[in-house]
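Read the structure below first, then the notes.
As written, the chains take the letters A, B and C, and residue 1 is the first residue of each chain.
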């Protein structure tokens, strides 16, 4: 029941937002729904319900391991959104707020979907619901970004439907009775037709990989993250991508049950490392700090995928990384949004000396940068350390070397841009714009909280979390 | 007998793929797409011996959506937005036609390598689906105009629908979910119209501003 | 004795009937346009007139200038002899005659092209280039069509290849062969035989410097080639091997007439295509024939 409420509360709030008359009071629906959602998911996290094996929806261990962080991220972003939408009072926010809430509801459904078709429907719906979010600014550039997102994302999602159909056919060919819950598919195991499973795996990996933003299907990301408001970037990077990642994990489990796990791991490893490499190289070249965040997101998606390829220990590390990356990226996006507002431009050619204009945001941005490049004692350091350990334990020495090289390159790229905009003396035009932007508590505290959470995750992660990740791993790798 | 009728329809759909690849006119592309939509909608009616309401629903939704509604919207968008009727190819018409034909042959060859249930063995559904998906991809990549990309996307979707027909009896939900893809197309078209309207307003505004200035 | 008589009858048939087709086409065009048009027998008068005239030779041209049109004519006539006429069979038939047919047609084209370049005119060279570049694509389609016929019947002899009715692929093949027919005989939309604008001519350019009897031979050869393709198209699509000879002849004549009228209609309804669109159309013809081949190969639909 509570797990259904997780989906229904945001959707009802979305409908409410559409009907709500007041433009100024409407944003408060966001933190209200976010708070209820967070309380519910925390409650479910502490007292995990029993999920029937053939249930289509349910708060199963994998959802328990990932959904709370999405909820947390949304809550903090919603808090930030109230101040943000007050600054952007000139834009109508009815559709934006409704779409944001709908995305939360559909994300909750997607994380809890235990059925191949249902999972696809949720992902598709999230894709569509996110369209008005990206188009919020209404500029031609925003339109272009939205178009690219929809075209690439839509193609990806279409391919994942084709992959789902192929997996369905694999089950049908193996004598399946048309039950497409992941449990049923895993139960069918070696009975699934191998050639069809392989085709399905490739299509689903490409399809959901597009949604995650793995290279070479990442081309929508820089545009979308560059043109969308900061909150949207944070929720896309921390929430939407995680749904695609859990989808890949669930499908990987089915492929593993069908006896093709080794092949699946190889492809995951390759595509993960390729994403990291591409992202690191682009990070060395980009001059736009919001696009920089997009490439950094591609890199971290690569890390997740790499982790997922390394067996049970790697998957646990990847789930840890979902948390640490989501929270840290959220802090970065929100503080970058502040910088972008204050500076009036996202390019390091025009932005300089932000440490004197907006000292708080700049400080959070720098700290977040260190966190995301895996400097201790923040969360990402420990999660990436776990990935490295899993890689070394499974004998992937070369991959580990490449992984560390990419991290180093990404570090160079990120520091280059970040210090480029933080250091130095501000331009005169920027000074005037910076004066207009006030660093109120509403825009400083949310990223600070997220950064604090990331720190907490690094220094003293609670025992419960590690247990939740371990439970999710047992769900994905059932011991026969 | 039913099977061979179905195969003739799929063959027609594959021919329309090549037509879509070879044409240089936008209205012709839209027409090819809409005829394909209608053909696809008729197929489930031929496959089933006794008509189930779900199958009927899929058929009606497909004919209305892919065959009438979306092409109509596209034509309207084309008219209101006054898009030039010539397509601008990135991949030329002859190469894309040859690619499409090679893809069709490859799809036929590939199908022989895949294990199929006996009731699907003689059917062209799988090669037809693969060829149509490929055609959609070529159009998506090889044409520059937004509206022609939408057409490409729709043809890609038609291919997926064709594949879905294999599973319509066993798992109707998955096939019905494909209707959501049509929604994506709707959003695309909406985007084209909204963008143009917005631009029209923008230009109007700036003209007003200069008028006041003088 | 009988076979010699048969051969002579056949030759007469081809030689005498061929110039009728361009006349019919012109008549159809005139009808559609609402004119009276030239008489159906116009080409006969033209040929007779040309035959009486003398030959004007360029000082640059070698004797080949006169010989080559004759070679072309003989090649086309030879190809016509290979083509069976329904249950009557061919004048000459052996294993692999389909290949000889293709080669004879190619030889004819080669000789025309060579003769065109004899005078050393740059303009004719341009026409040759166009003709040959179209031919490359049209030949691919033609070869695919012959292949599909041969795969269908499991034989490379024309008599056997044209005998059985083609199944589902007949429509594909008919469409493909019709386009090939238009291209090979330089009809609209590939070339406009009526045009005398220098830049748009293709085949007409190549015979611009010919005069007198060689020109008559060229014109007659072109008419025979048109008849040859028409007969081939009709036989590839219509099954007539098991009909009575008289009925088959009637069916064949009717089919040829229908195709001729169709060519006339195409010519009056379509305009000549721009050069850049021609390859697309020929590629379409190639693909049509290729898919006919594919369908034939799979034995109906798989």
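We adopt the following convention: a residue touches a chain if its C-beta (ideal position, glycine included) is under 8 Å from a C-beta of that chain, and two chains touch if they have at least 3 such contacts.
Since the model is a prediction, treat every value here as computed from it, not as a measurement.
**Student:** Apart from chain B, which chains are still tied to one another through touching, counting links that pass through other chains?
**Tutor:** Result with chain B masked: A | C.
**Student:** Of all chain pairs, which one counts the most C-beta contacts?
**Tutor:** Per-pair contact counts point to A-B as the maximum.
**Student:** Where the CA atoms of chain B average out and where those of chain C average out, how many Å apart are those spots?
**Tutor:** 39
**Student:** List the centre-to-centre spacing of chain A and chain B in whole Å, with centres computed as mean CA coordinates.
**Tutor:** Roughly 31 Å, centre to centre.
**Student:** Suppose each chain is reduced to the average of its Cα coordinates; what separation in Å results between chain A and chain C?
**Tutor:** 66
**Student:** Touching at least two other chains at once: which residues of chain A meet that condition?
**Tutor:** Not one residue of chain A touches more than one other chain, so the list is empty.
**Student:** Note which residues of chain B are touching chain A in the complex, please.
**Tutor:** Within the complex, chain B touches chain A at residues 113-117, 133, 140, 146, 149, 153, 156-157, 159-160, 163-164, 166-167, 170-171, 173-175, 177-178, 180-181, 183-184, 187-188, 191, 195, 198-199.
**Student:** Under the stated contact criterion, what part of chain B meets chain C in this complex?
**Tutor:** 4, 7-8, 11, 18, 22, 24, 93-94, 97-98, 101, 104-105, 108, 122, 124
**Student:** So in the complex, which bits of chain A are touching chain B?
**Tutor:** Touch residues, chain A against chain B: 116-117, 120-121, 124-125, 127-128, 131, 138, 140, 143, 146-147, 150-151, 154-155, 157-158, 161-162, 164-166, 168-169, 172-173, 176-178, 180, 193, 195-196, 199.
**Student:** Enumerate the contact residues on chain C facing chain B in the complex.
**Tutor:** 168, 277, 279-280, 283-284, 287, 290-291, 294, 298, 301-302
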